[in-house]
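Here it is, the structure, as C-alpha cells.
For clarity, chains are labelled A, B and C in written order, and residue numbers in each chain start from 1.
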C-alpha cells in the first residue's frame, strides 16, 4: 500500500508541475466528466483520450479536467469556469451537458466546444459520438457462432437509443449466423454498479444464457463469466485482465484519435463545427484482440470487422423487421443516421418488451 | 445447476454485504447512537481490503484490514458524538462524505486491476450434495461470518449482562448513568463495532462479490443497510430476514426482466423501498412491540451533567 | 483515555464561543488542509488561496456562489424548523424532486400557457409537490407512529425513480431523439434572473430565511415548535397538538424543498432530466445543523458549504487536485465545525480518570 501511496503522490505532484509549468502561448484544452476518472469505464476512457492529447501534442497544449460534474446546474458553471480560465477548446463528455454547452457557447464565441453524444450544434459547438453498434454487430456474430445454447444474456443500463441500437445490432449480427438466436435482457438501471451488474450476470446465466455481453461500465460481469467458465464480451475498455479465459473480445471506446485531431484543428485554425459519428474506420471504436475462440470464428470476426471498416457492410441493412413483424428497412436499403439516432424499437426475434 | 439453486446463491451474494453492515449498525443504534456514515465506512473498508489483498496476496488479511479501516475511519465520529456531544445526524453525513472521498483518494492507483478473490470453503462430500450442498456449503468465510455475527449479536444483546447494559444505555442513558454504567464507553465500543462490520461489508464487495476497485462501488448499499435496521425494528434475526428479503426482491426483479415481462425497471428498483415503508408501518402500528424494541435515546447526545 | 476530557455545561450558551467556535474550526480546517495539500505536493498557501479565497474574488464567482447556495438556503430553512420541533425529515431530496416534477407539469403538459400566471402556478405546484411528498411521512408518523427518519429517506429513492421513469417515458421530449429529457422550458416557464445566473429562487430563499426568523421569534406557531423541541409534553399547552406541529413543519419543510426543486429546474437547468440535484437535500441537513437550526446560522452555513463546492472546483482546475480531495476535505471541515460547536454550550475541562469514576459512581 505504501508504494501505491507514493506512486499516487508522485503522480499528483507530477500533474501539479505540469499544470503550473508556465505555458503562455500553449493552447488550453479542458474536459468535464460526469463520473470519477476512477470509474474505469466511460469517464476513464475519455480521460485516456485527454492523456493521449498531452502525449501527442504536449509541446503546444496543456489540458485540465473537472470530474464528477453533475448534469444539472453545476455543468454550466463548470463549463463557464473552463472558458473563463482561458481554455479555448472544451470537451463536454456526457449527454446531459447538452443545453449547458449551448448556453455557455453563446457567451464565449471564441471558444470551441465539443459535446459527446448530443444533437444540438452551433457555430462553435460540434458534436461527436462513436458507432459502437458496429462493434456490437461483430460480437453478435461471434456470439451466434460460439453460444452452444444459442442464447446470450445482455446486461443493459437504460433504455435510451444508444443502448437499444446496440442490442439490435448485436441481435442482427447473431441472427446472420444463427437465425434462431435468442437474447435475454436485464436492465440494471445504472451505468455503473459492479454489484448489480454481477447479480444481473448471474441471473442471466441461471436463465440459460451461456454468453454474456453488457452495456454497463464495470468489469464485474466479466469476472462472473470467468468464474462460471462461460464466455463474455468486454465493454468500454479491454477487460482481458478480468477474464483471461472468458473474454472473446471487447468493444473499446477510443476517443484519442478524435481528440488529437480536433486539437490539431484548433492549433491550425481549421476547426469547424460539425457532427462526427465515427466508427471502426475512424478508429473511434476498437476491437480488443479476438481471444478464446476457434480460428475460423476469429477469421469470420476479422473479416466482418474489415467489411464494416471498408464500408462494404452496414449492420443495419434491410430487410429489417421490428419485433411486431413490421418492415422497418426495405431490402437492400440502409437505415439513415437520423433513424439510428432515435431508435426505440426492437428488431424481430427479440421477445422482450422494451421498457418505456 | 438448477434454477432455484442459482437463485438462492445469487440472493446470498446480494444479501451478505447488507447483512454485515446492518448487524453492525444495529448494535450502534441499540446503544442509542444513529450513525448515518455507514456508506463512508463501507467504501473505506472496500478499498483498504482490496489494496491489502492485492499487496499481500491474502484476501483474508485484506478483509481483516478492511474491517479495521472501517473502525478507524469511524474515530472522528466517535470523538465528535461521544466526547463532544455533537449532532449525530450531521456527523454521520460528514463521515459518509469523508469516507467516500478518502476511499477514492486511496484507490487512485488501483483502478482497473483485477483483485484477489476470497476462497470458498468447500467441504468435500457435503458441497456436492444436490441443492443443499452448494446453498449451505462452499461459500467464503464472510458469508458464514455474517450468519455467525447475527447469532452472536442476538446472543450478546439478549443473553449477556453486557448486552443488557448496552440496551439500557440505548433505552435511557440518564438511568444507565445513574446506575453507574459508563454510557460513553459503551457507545464508543458500539460505534467501533459498527465500523468493523461496515468495513467487512465493504471488504466483501471488493474481495468476494466483485473483486475489483472502482470509485463509489458501494453504490448506496450503506444506506440500504441503515433502512434494514429500522425495517427489522432493531432485532438481529429480523435483520437477517430483511437482508435476504431485500436481496430476494431485487434478484426476483432481475429474473422477471430476463423472462421478458417488460416492466419498467424503475418500478422494480423502487420495490424494496416501498416494501420497507409498508413493513415499517405494519410494525409500528403495534405500539407495544415498538416500545419494547426501540432504543428510545437514538440520536440524542449524552453528556454527564453535574 | 476518555475520562481525560469532560465537558461541563455552561449556565448559558457562551456568546464569545458562538462566534468564536466556527472561526476556530475554520482556522483549524485551514491549517489541516494546508498540511494535506503540502503532503500531496501542492504549495499549501497557494492551494489554500485557490480553495477558500479565489471563489470570492470575482463577481461571476459570487453570483455562482449565490446560485449554489439557493437550494441549500431554501431547504436548510425548512429543515431547521422541522428539527427545532424534533421532527427529523431527512428526505428533503425526495421532496425537492417531487416539487420539480409537479412544477414542471405546467411547461410539459400545457406548453401554450406561457405567461406570468403560469410561472406563479409552477412555483405554487412546486411547493405543493414537495409538501405532498413530505405529508406522507408526517401522516405515517402521526397515524401509526412510524419513524419519519426512515420513511422520508425511503421516499427519496422512490421519488428519484419516479422522475427517472417520467423523463425516459411519458414526459420525454418527442423531438428529442428519445433521449431522457423533457422539452426545453421557454419564456415565462423560466424564472427571471437578477444578475448572471442568480434567479428568482435566490430572492425566495432569502425570504424563507427571513420568514423562519419571523416565525421562530415572533409567532405563536414558532413558539410551539420550540417548546415541542425542548419538551414534547409541554407543547400541548402552547395550543398546538404534537401531531399538528409535526404535520405543519413537515409541510413547510417539504414545500421549501419543492420550491428549491422547481427553482433548479426552471431557474438553472431549463428542462426536466433524470438527475436534477447533486444531493442538495442531504447537504441541507448539514447546513441546518451547522447553522444551529437558527435562521442566520443557516444563511452562513449555506454559503460556507457552497464555497467549499466552488473551491473544490477551482482547486481541481488550478492545481489538478482530484475531486475526491475536496470531498474528503469537505468531510473534515464539517467534522471540525461540528466539534468546535460544542464550545458554545460546554466548557472543556481536563481531569484524571479516577475523578470521573468516583463521580460516575456517585
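Throughout what follows, contacts are C-beta pairs under 8 Å (C-beta built on N, C-alpha and C of every residue); 3 or more make two chains touch, one makes a residue touch a chain.
Please read all numbers here as calculations on a predicted model, not as lab measurements.
Novice: Can you list every chain in contact with both chain A and chain C?
Specialist: For chain A paired with chain C, the chains in contact with each are B, in label order.
Novice: Using mean Cα positions as chain centres, tell me which chain lies farthest from chain C.
Specialist: A
Novice: Counting only Cα atoms for the centres, state how far chain A is from chain B in Å.
Specialist: Measuring from centre to centre gives 35 Å for this pair.
Novice: For chain B and chain C, let me know how many angstrom lie between their CA-based centres, rounded off.
Specialist: Taking the mean C-alpha position of each chain, the two centres sit 27 Å apart.
Novice: Give me the residues of chain B that touch two or more other chains.
Specialist: 104-105, 108, 215, 264, 266, 269, in rising order.
Novice: Specify, in ascending order, the residues of chain C that touch 2 or more different other chains.
Specialist: 161, 164, 168-169, 322-324
Novice: Which residue numbers or ranges of chain A touch two or more of the other chains?
Specialist: Residues 36, 38, 159, 189, 356.
Novice: Tell me, which parts of chain C touch chain A in their complex?
Specialist: It comes out as residues 39-42, 60, 64, 67-68, 161, 164, 168-169, 176-181, 184, 197, 264, 267-271, 273-278, 309-310, 313-314, 316-324.
Novice: Along chain C, where are the residues that touch chain B in the complex?
Specialist: Against chain B, the touching part of chain C is residues 2, 5-9, 88, 90, 140, 144-147, 149-151, 153-155, 157-158, 161-162, 164-165, 168-169, 282, 285-286, 289-290, 322-332, 334-335, 338-339, 341-342, 346, 359-361.
Novice: For a test of understanding, state which residues of chain B touch chain C in their complex under the given definition.
Specialist: 34, 40, 76, 79-80, 82-87, 89-91, 93-105, 108, 177, 180, 182, 184-185, 188, 215, 223, 226-227, 230-231, 264, 266-267, 269-270, 273-274, 276-277, 280-281, 284-285, 287, 290, 299, 303-306
Novice: Can you list the chain A residues touching chain B in their complex?
Specialist: 1, 4-5, 7-8, 11, 35-36, 38-41, 44, 153, 159, 184-190, 192-200, 202-207, 218-220, 223, 227, 237, 241-242, 351-356
Novice: Which of the residues in chain A end up touching chain C in this complex?
Specialist: So the residues of chain A in touch with chain C come to 9, 12-13, 15-16, 18-20, 30, 36-38, 64-68, 70-74, 76-78, 80-82, 84-85, 95-96, 98-99, 103, 119, 158-161, 189, 341-344, 356.
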